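First chain A sits with chain B, and in the next complex the same chain sits with chain C.
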Partner chain A sequence: MQPDAISANTTPAPEGAVPSGRTLPEGEALLSVRGLKKVYSTDGGPIEAVRNLTFDLGHGELACLVGPSGSGKTTLLKIIAGLLGATEGEVLLDGKKVTGPPKKMAVVFQEYGRSLFPWLRVADNVELPLKNAGVPKEERRERVAAALEAVGLAHVPKSYPWQLSGGMQQRVAIARAVAYQPEVLLMDEPFAAVDAQTRADLEDLTRRLWKDLGMTILFVTHDIDESVYLGERVIILSSSPTVVQEDIVIDLPVDRTQLETREMPRFTELRHHVYEQIQLAKKGHRPDAAH
Partner chain B sequence: MSAEVLKPGRAAQPRTARTGARRSVPKPVLGLLGVLGFLLVWEAVPAVGLVEARFLPPASEVIIALVRDFGLTAFWLAVGHTLMAWAIGLAVAVVSAGVLGLVIGMSPFLRRFTNSTIEFLRPVPSVALIPLAVLLFGVKIESSLMLIIYACFWQVLIQVLYGVADVDNVATQTAQSYGFSRFQRVRDVVFPTVLPYLMTGLRLGASVALILAITAELIIGSPGLGREIADAQSGGAISGMYALVLATGLLGVAINIVMRQAEQRLLAWHPSVRGEAVL
Partner chain C sequence: MKTLKNLGYVLALPVLLVLLWWVSTRGEPNFFVPTPAALVDVFGPTWFEGRITADVLPSVARLLAGLAIAIILGIAVGLLVGLNRTLRALTEPVFEFFRALPPPVLVPVLILLVGLNDAMKVAVIVVGCIWPVLLNTIEGVRSIDPVQNETTRSYGISGMNRIRYQVLPSAAPTIMAGIRQSLSIGLILMVISEMFGSSSGLGFTILQFQRSFAIPEMWSGILVLGLIGLALSLIFQWCERRVLRWYHGLKEVENAA
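Right after this comes the complex of A and B.
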């Protein structure tokens, strides 16, 4: 492979067609987003947030969705999570159309303080979704303990979330998702509200969970460095109305460390490339410009 | 991980009041001194002839009458009647307003549909219903209950409606994304959010219920402390009357203490409590 080649797996679009992200042969994709469009009707007329999005997520992938602010990242995530209806197109999980929040999905929100229930202790917060899903008590106890252990919070099960620091609270939210054992974990800018050092720790935690537990993760962020450091793949979104600008493979080693990985020439190249694409997107360059 | 240190929760911080209290008189002692001072003034006023003793007997005489009351079955029967009306009325109001508040609050349509009606009925003073209560139920306990329930119902309903409106959007979406059923969402997200508001409604309602229980007994004559007060007054037992008034005051204080205790127990996690509660 050429040292500076960026392997884009964006399906080459015929002249004038809407470009799409990487798609997999039928039956292989865990999550499929097909021709997704979202138009909000407001008092000032309809606003097209998402124009046409198509990509697939395979089993065990860790993909980052990155785009300029206001590019409809959160809208997209909420549609995938079944919290918001699409205007056109569809989301398929395991080949089944998503119409409401699917049982096999978990979401980690940016606002951990509002996502955790302040009236429940840490362990109870992690346990509640399992309880409501009808998991037997003994298994619940084991899964909660294992999840808290995995995020390094085994020592505070009896604390209330509001007694913990921001980073620890987000760990609780992640533990809750881990214990739920979802097929797909969606993360909506989960580390945007924590300080830089905590953020680095949480990024490494996410990579570790992905590697050790074999989770499939779709990670939304506006941070270019974060997307390249975290992802095995980065899906770059255009500015609103959103289409897939580019879908690239991050061919960095699987074992990444904050110091060494970020100093690698390859990291810099990839970061440079993604940065350029985002700048292009901000300036209004669109892959579907011919349209 | 070293970047994350466990921040002490607000509950874990030492109370600042303690350092301030070392220099001045402790709070409970100061409160007790206040009560003693009040009783002394009360004792002195009829003694120096400022007010005639047949209108305001000295405090000592009233307290003796109250202690004597404590030994009488009739007194405890009256307390029982008053407390029964209070408890039943409050319970009916809290349960009905709680359930209705949840149902109305969670439906935008019902909210708009009932808003004007609630705003119209709420300010009607409960005592304005006394003639109606007498017409319907005579001097029985039901008259008291009707007044108590009406007054408390709105207090609680308004609080619950505020509580439901305060349910966090992200918390709701979290519950949805984990596939909570509608019932589970109400039980695990809506109800705990509403609980602090419900407790406020309950505490306000508890005082209002006592006021109306005594009012109903005084005016309608249903059995209880209120009627005892009216009887003592018409029988010329002035010290006895004051003793009973004192008893209603003590009852109010007791109710308030119990309500505050219950609130602190149930809402140890809530920002309004977690500063003071001992975890």
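Right after this comes the complex of A and C.
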């Protein structure tokens, strides 16, 4: 369950090499991002959003992608999710190239209000992907109930999403992803639109789901504190055109609490470090050979 | 108590209007405007002694058939076009042109093409009513939230499942608005289609009364038309409330925020 933290690349890339995140030996990675590049062609000429990204995600990892705003985080996530094509490079899930949205992946979007279907009740929203996948009725019922239970929403299956608070709506979206039982859960700044207290609850929920259900989670955020508190590993992205600035292991205890973990000296150190790196990225500093 | 109050709101203005009509026709009688009492007197004998089955029901049946075909066809073609960018670019200017044509001019054309029969009358209604449904369906499908589309894509929901579980419900509010427009157009076309070379139907009957100076009877026909329109609108409202309950709830929450 615990990801192998030692092999992470904690030092800057060697001179001359394209900087990359930690990679795993062949066959061990669940998700591989290899030399990913994305250039948008616009009326004003091509815009290079992502220059060259390489990293691996192992089974059962909880990794956070953090970067300054406009660093192509959402672009990267959409490419990984198969919603957007890459200009160069590839994404592999279980060794197979991702060309469209893979079956074994689920995405939790930031805009929960637009991602949930307002005409379906909570339980029906969670059930829909299973229904579409042809899961038998009895199993569907069980998985929906279990997922709602896991996110603490077992009491509102008959409500409509819009009758719930923002935080609860995002829980519904998370329950929908959990019930789908994906191999990789992608989360795109999922808590950016909720208030601070709800956000703390949802962070703890995410850690609990990761621990209890053994999910593999890639969590995109612009919030440095959140990335350090949540992740077992933080991948720091440079500013656009994006490369991996640094890939660090978060060696905090597995059991984390909002109060104690955030007061640990190690938390402060890590946060300090990530913050510095982001500031550097904002100023345009880039790892060697990525210019 | 509450129902009584609601009933009061519903009936207040109609009662007032009838009173006004009664007062204004009291003095010297105008041959072309009957008194309320005269209208009530002729209403029963005019309609409930044969005409309801000979004229009214066939008219209503043609109207409902035309509306049903227009709605089903409009939604089906609208889905096809709305989901396909190329098809949309290709068809939209043409659709706008046809929508701009006043539907009554189609009556002479369809008489020539289809003939003087029921099919022509239904065709007139279909050709006139399809545009609001079709164009609103296209618009409703086109304006689906991109995040919603990404959600269905990422969960592999596609094809008929996507249409059934996402596209149709999402476009339903816009489609319903189109259907509402087509109802009143349908009623107008039902009457007009029966005024040309016809020997039965509501439109024919009203015209016949007017030509034979059966003035109260003519007015009673207009009353029947109004009642049909009202019934249609009530049925529509009932359906809409059921289909779009989520939408009205959502709007209420949004307005309260």
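Simple rule for what comes next: the second predicted complex is superposed on the first by the 274 of 291 C-alpha atoms of A that agree within 3 Å, B and C clash if a C-alpha of one lies under 4 Å from a C-alpha of the other, contacts with A are read in each partner's own complex, and residues count from 1 in each chain.
The rule is short, and it goes like this: a contact is a pair of C-beta atoms (placed from the backbone, for glycine too) under 8 Å apart; a residue touches a chain by one contact, two chains touch by 3 or more.
None of the values given here were measured: they were computed from a predicted structure.
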Superposed partners chain B and chain C on chain A - clash or fit: clash
Touched partner set for A:Phe55, first chain B, second chain C, both or neither: neither
Chain B or chain C, by number of chain A residues touched: B
Partner chain in contact with A:Gln197 - chain B first, chain C second, else both or neither: first
Touched partner set for A:Phe267, first chain B, second chain C, both or neither: neither
First (chain B), second (chain C), both or neither touched by A:Tyr229: neither
Which of chain B and chain C A:Ser165 touches, first, second, both or neither: first
First (chain B), second (chain C), both or neither touched by A:Gly152: first
Intersection of chain A interface sets (partners chain B, chain C): 78, 81-83, 100-101, 103, 105-107, 109, 111, 114-115, 117-120, 128-129, 132-133, 160, 162-163, 180
Sites on chain A touched by chain B in the complex: 78, 81-83, 100-103, 105-107, 109, 111, 114-115, 117-120, 128-129, 132-133, 152, 156, 159-160, 162-165, 167-168, 180, 195, 197-198, 201
Sites on chain B touched by chain A in the complex: 1, 3-9, 11-12, 168-171, 173-174, 176-181, 184, 188-189, 192, 195, 269-270, 274
Complex contact set, residues of chain C against chain A: 145, 147-148, 150-151, 153-157, 161, 165-166, 169-170, 172, 246-247, 249-250, 253-254
Chain A - residues contacting chain C, complex: 78, 81-83, 100-101, 103, 105-107, 109, 111, 114-115, 117-120, 128-129, 131-133, 160, 162-163, 180
